[in-house]
Amino acid sequence: MIHQIKEGYVKVEPKHGITTIEFFHPQGNALPAAILADLAQEIHSAGLDTETKVIVLRSAGEGAFCAGASFNEIKAVTTPEEGRVFFSGFANVINAMRKCPKLIIARIHGKCVGGGVGLAAAADYAIALEGADVKLSELSIGFGPFVVGPAIEKRIGLAAFSQLAIDAAMWRPAEWARRKGLYAELHSNLENMDESIQRLANELMHANPEAMAEMKKILWRDADDWDTLLPERAAISGRLVVSSYAKAALEKIKSKLH
Amino acid sequence: MIHQIKEGYVKVEPKHGITTIEFFHPQGNALPAAILADLAQEIHSAGLDTETKVIVLRSAGEGAFCAGASFNEIKAVTTPEEGRVFFSGFANVINAMRKCPKLIIARIHGKCVGGGVGLAAAADYAIALEGADVKLSELSIGFGPFVVGPAIEKRIGLAAFSQLAIDAAMWRPAEWARRKGLYAELHSNLENMDESIQRLANELMHANPEAMAEMKKILWRDADDWDTLLPERAAISGRLVVSSYAKAALEKIKSKLH
Amino acid sequence: MIHQIKEGYVKVEPKHGITTIEFFHPQGNALPAAILADLAQEIHSAGLDTETKVIVLRSAGEGAFCAGASFNEIKAVTTPEEGRVFFSGFANVINAMRKCPKLIIARIHGKCVGGGVGLAAAADYAIALEGADVKLSELSIGFGPFVVGPAIEKRIGLAAFSQLAIDAAMWRPAEWARRKGLYAELHSNLENMDESIQRLANELMHANPEAMAEMKKILWRDADDWDTLLPERAAISGRLVVSSYAKAALEKIKSKLH
């Protein structure tokens, strides 16, 4: 099943109990609202699907895993309310991952920025490839990693999250992300990464689904308030993204591209 | 003082304010209900004993530190209620360690599996020997690390706990456990490990008992609900351990041994 | 602006939106009550000052960053109430750092002991120099790291905090502190450290102040109760510091110096 969305897509492939959800966008797998909505929906559906034992979340190509929020859509935001609605898309994906009763393995084949780091953090087990460096650039473009913050801080702790959030211009190497726990594994080539994902997915495919559902609950037990927390955070980002600081920073990025 | 329990024992040796509690079981220091009950009782008693300034928790021999729950007893469980009662044994030991007003040093001389990892995590300071690798194999035998989960996650964080819990077939080296904080120290030989334990125990033996009791409280301040949480977790494990998944997995392990 | 305080001082230098707060005391930048009170006040003021975009907290000289509580003042404490009042000085500085709506970069050019570790932990981003080793010696002098504990545990996690708090005689190298997240960066020479601080401060100087204020809130969102928690902790330390254990330990330190 594949949903063509503007230039990108979300593709769902169930196979022997392992359901792979793949997203694609030509701008470094950036996430526009339509892809976010579809991702949230597909994760929710795979969670309900009794055939699905485990979910693999991946993106297409060999470039970035995910460049974060779509710049074009961020730039098009003109009111705090539009901003809130846009960032709610990330809140919905992360909440879908959190509430999904199936364990989610993320396949991080390349760089993660902003919301992309959030996806890696919200997965239950992320397996990455060398070169999958991370950056939270939000502050440098006038807002902050408010929506994805709870998932990232929960996964890597306050200290590492602070480093990413405050030093917004700095790429942290994939090895840093592994040491901080964002990645459970880091592989030096694509074959090893995919082999390891396959091995783990195969094991979970045969594991007790009820045990995995209970495990999912305990891994997320302190996040019960995220149905309200993450939308609140979306409102903060939405308000800040229309500030003069954000508009000036976004304009500068645009002008660099032309 | 030594309590012979079936094939194993729990031995308590008070000496100059340092009370050593040692357990033994011929199957890799696995823990049947009787040893768990005795451990909880002895930790509780040492906590009340005014002569005891600090506790050293260890196991016997040079093999595994602790193979986790007794396989024989797990296999003998036929109802969720029996399962709940069995796993409550771990809940009681961890709660005894948590509420004990004395600091507990764990001497981890060898491998830890399942509940054994829980003991290391629930100690206030674990000193280990190279080779003391760790594994949470629960999911691979049909249930999950529900009872020991809170102690492990509290000690090493969500990311490292998730790695252990989800990739249940994988041994993590002792060095990994040190980096994640499960072990405060890791030594390359037995003499150095024991010397370091002795040094620290000697210092604590002379420290202010009231200061240590207050320190114990602050180190565990966010675990006030574990008197209800851990028994709830025991009920989850108890229910899952009689599932067809668990029975099939346990049968397979048994058949491998014969 | 410089406040001469007994032998030490607190100096505030605003420059292009970067406000540097520097403290000095001839005994390894130890902290007497008067410096603590002034630090809390200046951090609070810089937080309110609209010209200040980011704060750099540093101490003077090339020796220790901060030797912790002033030994002379601790020794002069004769009642639990006097002790409580003294330790409240640390509670007030940490709460001022926490509630300050500006991000605080700490410049850790040398060793940190006790309360000094607390300052590094309560900063939002600490940049350190090799040799900036850390120790929580409180337990070895009869009390414990009760007031600074919440900030340190929040930053580096339970495991690393336990190691410091329990093994109170042990220096942990700066590299350990970096790995545990106490330091976001560790530099091998002074020039690199100061260059990195300048680079980050410059970036934050130009960042959206409202975004940074919101970020500050989310980084500290789970510390709302510290206005009551830290003073309670000061009362514990105050009570223990007049115990016979503390008096004997402090006497021994004094006699070593003469």
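Going in written order, the chains are labelled A, B and C, and every chain counts its residues from 1.
We take it that contacts are C-beta pairs under 8 Å (C-beta built on N, C-alpha and C of every residue); 3 or more make two chains touch, one makes a residue touch a chain.
Bear in mind that the values here come from a model prediction, so they are computed numbers and not experimental data.
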Touching both subunit B and subunit C we find A
Suppose a student superposes the Cα atoms of subunit A on subunit C; what rotation angle should they report, nearest 5 degrees? 120
Numbering shared by both copies at the subunit B-subunit A contact, with half separating same from different: different
In whole angstrom, what separates the CA-based centres of subunit A and subunit B? 35
Quick check: what residues of subunit B touch more than one other chain, meaning two or more? 157, 179
Sort out for me which residues of subunit A touch subunit C in the complex. 138-140, 142-144, 146, 149, 157-163, 165-169, 179, 233, 236, 240, 243, 245-246
In the complex, subunit C residues that touch subunit A: 103, 124-125, 154-157, 179-182, 184, 200, 203-204, 207-208, 210-212, 214-215, 218-219
